[in-house]
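In the part that follows, the structures are each spelled out as structure tokens.
In the two complexes below, chain A is the common chain; its partner is chain B in one and chain C in the other.
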Partner chain A sequence: MKNYWNSIPEQVKRISILLIVIVAAFIVIRANLVPKDFGELGHYRTSAIDEIIAQNLKYGGEILCSECHDDVAEKKASSFHKNVSCEVCHGPAADHADDPDSFTPTAPKDRDTCPICHEYLQSRPTGFPQIISVSHNPFKPCKSCHNAHDPTPPETPKECSACHKEIFSVKSLSHHAFVECKTCHKTKDNHRLSPREFIPEKPTSRNFCGQCHSDEIVNNDEIPKISMTEHEPKYVCWQCHYPHLPEAK
Partner chain B sequence: MIDSEKNDETRRNFLRKLCYSAVLAFVSPSLVMRGKNKKIVEWIIGENYNPYDHYWSMGIDINKCIGCGRCAESCKIENNVPKEPFFFRTWVERYHIYKDGEVAIDSPNGAINGFSKVVSEKSLEKSFFVPKICNQCDHPPCVQVCPVGATFKSIDGVVLVDANYCIGCRYCIQACPYGARYIHPVTRSADKCTFCYHRIVKGKLPACVENCPTQARVFGEFKKKASPIERFRRMNKINVLKPALNTEPKVFYANLDMEVK
Partner chain C sequence: MEEIVQHLTPILNEVTGYIFPNEIELHWGLLVVIYPYLTGLVAGAFILASLVKVFNVKELQPTYRMSLLTALAFLIIAPLPLLAHLGHPEKSFEIFLTPNQSSAMAMFGFVYVWYLMAVLLLEIWFDYRKDLILWAKSEKGLKKWILKSLSLFSTDISEKAVLFDKKAVKIITIIGIPSAFILHGYVGFIFGSIKANPFWSSVLMPIVFLFSAIVSGIALVLILYSFITPLRGKEIDMACLDKLANYLFYVMIVDFSLEALDFIHRVYESEESIKILSDLVSGKLFVSLVVIQILIGMIIPLIAIALIKILKWPADLRKQIYFLSAILVQVGIFSTRWNVVIGGQLFSKSFMGLTVYKMSFFGLEGLLVSMILLIAPLFLLYILFKLLPPWEEARNL
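On to the complex of A and B.
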């Protein structure tokens, strides 16, 4: 044995001892370094999850508010703002729900909060009620005419542009500027109160556009005429011409 | 000869000290880190929440988004995300697609103050908003690259970050194809959307979903239980971002334009 040990060259001995020390050190350090609960559920510390869920809540959630403010919640539930959560306007209020006396949420009484959602932007989807705040009853706070919890306007909007602003502004610069919305869309008045329940009609056939554009109509108006039988009979007109901006080019 | 012996001496000293300090440096924090452990069973009982019963996902309907940015703002408040620009767990982008084919994308301060009108002489083809968020991939590339196991997919499908274990190496930020991660300037660890994990285990909605006024964001179980995601996936043509990367996102988009990256 001893012979064998002696027969190993000196440098090999040293290097293997060093190697053993390194491997041992690695095992010891690793055992110490890797937390006890690492790898129980996966390649991570189980207690990380505890630390993550220990984070405090800032937003209590609408269900919580409704427990004490059932009058407001009930009113809002049947209004245009039914999907707008309380804390969107009142700010985070979980602390208030825990202890209503020490923490009081604020209410947006100025004219700046509502336009975050209601200012006219081209990118907003059609049907969303929009205003231009500098010209919509300026200087008065919104709440003097609209109850924030049931914002139904004091009078029914007369203009389609209230909710279809983008279509309206495109059309008003087009050749159809003087063709009324209602000429093409038979619209019940209720559409302006419950827009999704009373959907307006849309033109369904080529003949609808033909009322004005067919070359069989002989009069002296300025409306450009086409032959209904020869002008692209395979398609309905609005597959090529956007009816709110009907450029022929 | 004498010179080299001396050299040897100092080298040995140096090596010895290096060993000591390495041992010290490794052992001390691992002692501190112990003692916080709590078993998964206790956790389930404690919160009355069993992660094995859930698998979370989100649906985003582009046609319903009005670009008010309440999601981005409430996310920052709820999760202590720094108020400065560039730090976001969720944000909203605005797309302008012009008739000449040009696509302009903007997201002023992540939309936490909403958007203002842009004026352009060019005629517009269409325009819309796209809320962005960590896609909670089922095959998350960020988890694969983390060298220490500080980011992981939990049992209920949410990709989380262990901020106390993260070494701040930024590999995950490089690996994320959606740009959904950032280094938190205070904790100096990686940070990203957790689907508000601390809220969902308590039966609450994520802050962005709670505060979305038009239900453009819906949240719920993916295939495990009845949830709003069911109808969302049935009624809409669903897309995910960058499907070619096979990350299998669990954030589903409805009415997503081809131009959206």
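On to the complex of A and C.
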């Protein structure tokens, strides 16, 4: 054994001792610093769950609100805002639920809050009510026309552009400016009252566009014409041409 | 709230097209650019050192120890930009105590420690051990004790022991080459594995990172060698400098080919992101990518070194051109890191818009801290050079 010890080069012994000290220090530090309950349930301390639970609640939740404000809750439940929770607009109100007199939630009265959801944005779904706030009844607070608990517009919109403003603006610059929306989209009257239940139809075949653009049709000479059998017969028209701005590339 | 609005308003004015709200401001700034840049220099300098020991390139012997110390100085500073970026540096050791295997960044900590402890420090220790013992004997006072403790109070300088040191250095270098590859390949992996970002997500990323790292490491040692040697009143070894420039030239060609391959691959694949990426490259990244990275940082140095090889210019002119080319290469590689880190965040995941990066001067993420972090390794290197002189004449004192 002694011979074996002597056969190890001196420098290896020294570096090994240093290595052993480092590894031992790491083991001791790890044993002392890693919380005992770490890793029991996942890559975190189990006791962290209780610490998070013990934090003060800020939001009471819609169910709690409706226990006292049942009239408003009922109205909202049948409106377009049925999926918008009370505290989205009124702010966190757990304190108000605990003691109604100590804290009263605020209600937005200006024109800044509603556009957070309803300002026109390219990425918002088509048909979601969107306005351009600088031109939509300027300076008038939203609540003077719309009740936030039942935001159906006070007057049923007559024109498609009331909701589909962005498509209307694009189309009004295109060669299709004078083609009415209903020419291509068959729309039931109820769509204006319940837009999501009565969705307008869209053209489904090439022949629909061919009604104006086929070279076999005799109408205005200024309308571009194509041969329905030879012009890209495997594709439907809107794969290449955007109908609301057909001249776009 | 008002502060956020004030901060975002000037950026919003320069946003083009459509971008998602969380893409307006970049999450990774200048500090995250510096981190792969510094790590790359480490890997590159080490690979250069390994050429001497493993591949027996005798001409590079004068730069061997310098490369090792350069790698060490830059490796010690390399994680600091990350610590400054993440905040709470006092908690950083926790990634070692409770390793999270599903986090690439957390596992990088272990790669770093392995490279620092098992490769670089060990190789430097074995290489310097005999000299440390000898220097300690001739020194007095505090320095004697620093040198003694650095040698771990080792005393054996018999021929057998020195031979063992040499063997150990060779074995560690052989282990060190794949380790250096992993170290910087890992940095590339961290970007390349982000599948949501088409600018980063590429299997070529670790390899491109690695070769650009070797380019920058060789260029750095070339700069240091040609700057320090005249300062010490010594003559530059032209065989060594020519060899350094040769290696720089060949690795740059490989790096350039890999980047070209990556580019052609992307253009041919023409995935849905290609339009926004071409807008990015021909617009916001034009100067930093096409002009600085490719033209100034790659093509001009390549042409300059190629001309030297063909025209056999005199030594004095060669020195100057090598030096200038290496500086241009450094600028180019820094730009490469910038283009990957900043460029990768400038376009929207909707592929419909671009944002802009606003750099601040003060603050943890600002230019000032970044400059300090870029200069810090050079200060550290100065101290290392004082303590462990890498020069040939110091060896046989």
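Convention: the second predicted complex is superposed on the first by the 197 of 249 C-alpha atoms of A that agree within 3 Å, B and C clash if a C-alpha of one lies under 4 Å from a C-alpha of the other, contacts with A are read in each partner's own complex, and residues count from 1 in each chain.
Convention: a contact is a pair of C-beta atoms (placed from the backbone, for glycine too) under 8 Å apart; a residue touches a chain by one contact, two chains touch by 3 or more.
None of these values were measured; they are calculated from a predicted model.
Student: First (chain B), second (chain C), both or neither: which does A:Pro9 touch?
Tutor: A:Pro9 sits against chain C, while chain B stays out of touch.
Student: Look at A:Pro203 in the shared chain and tell me whether it touches chain B only, chain C only, both, or neither; answer first, second, both or neither.
Tutor: neither
Student: In the overlaid three-chain picture, which partner chain does A:Pro108 touch, first (chain B) or second (chain C), both, or neither?
Tutor: A:Pro108: touches no partner chain.
Student: Is A:Pro92 contacted by the first partner chain B, the second partner chain C, both or neither?
Tutor: A:Pro92 sits against chain B, while chain C stays out of touch.
Student: Going by the contact rule set out at the top, does A:Leu18 touch chain B (first), chain C (second), both, or neither?
Tutor: second
Student: With the two complexes superposed on chain A, say which partner A:Pro141 touches: chain B (first), chain C (second), both, or neither.
Tutor: A:Pro141 contacts neither chain B nor chain C.
Student: Chain A residues in contact: does chain B have more, or chain C?
Tutor: Counted on chain A, the partner with more touching residues turns out to be B.
Student: In the superposed arrangement, which partner chain does A:Thr46 touch: chain B (first), chain C (second), both, or neither?
Tutor: first
Student: Determine, under the contact definition given at the top, whether A:Ile29 touches first (chain B), second (chain C), both, or neither.
Tutor: Both partners.
Student: For A:Pro195, select first, second, both or neither according to whether it touches chain B, chain C, the two together, or no partner.
Tutor: neither
Student: Can you give me the overlap between the chain B contact set and the chain C contact set on chain A?
Tutor: Residues common to the chain A contacts of chain C and of chain B are 29, 33-34, 38, 43, 122-123, listed in rising order.
Student: So in the complex, which bits of chain A are touching chain C?
Tutor: Per the stated touch rule, the residues are 9-12, 14-15, 18, 22, 26, 29-30, 33-34, 38-39, 43, 122-123.
Student: So in the complex, which bits of chain B are touching chain A?
Tutor: 19, 22-23, 26-27, 29-31, 33-34, 36-40, 43, 47, 63-70, 74, 77-79, 94-96, 113-117, 124, 127-129, 149-155, 160, 162-165, 194, 197-199, 201-202, 204-205, 207, 210-215
Student: Would you mind writing out the residues of chain C in touch with chain A in their complex?
Tutor: On the chain C side, the touching residues are 18, 20, 96-98, 100, 117, 122, 125-126, 129, 152-156, 160-161, 164-165, 168, 350, 352.
Student: For chain A, which residues are in contact with chain B within the complex?
Tutor: Touching chain B from chain A are residues 25, 29, 32-38, 40-59, 61-62, 81, 83-85, 87-88, 91-92, 116-117, 119-125, 128.
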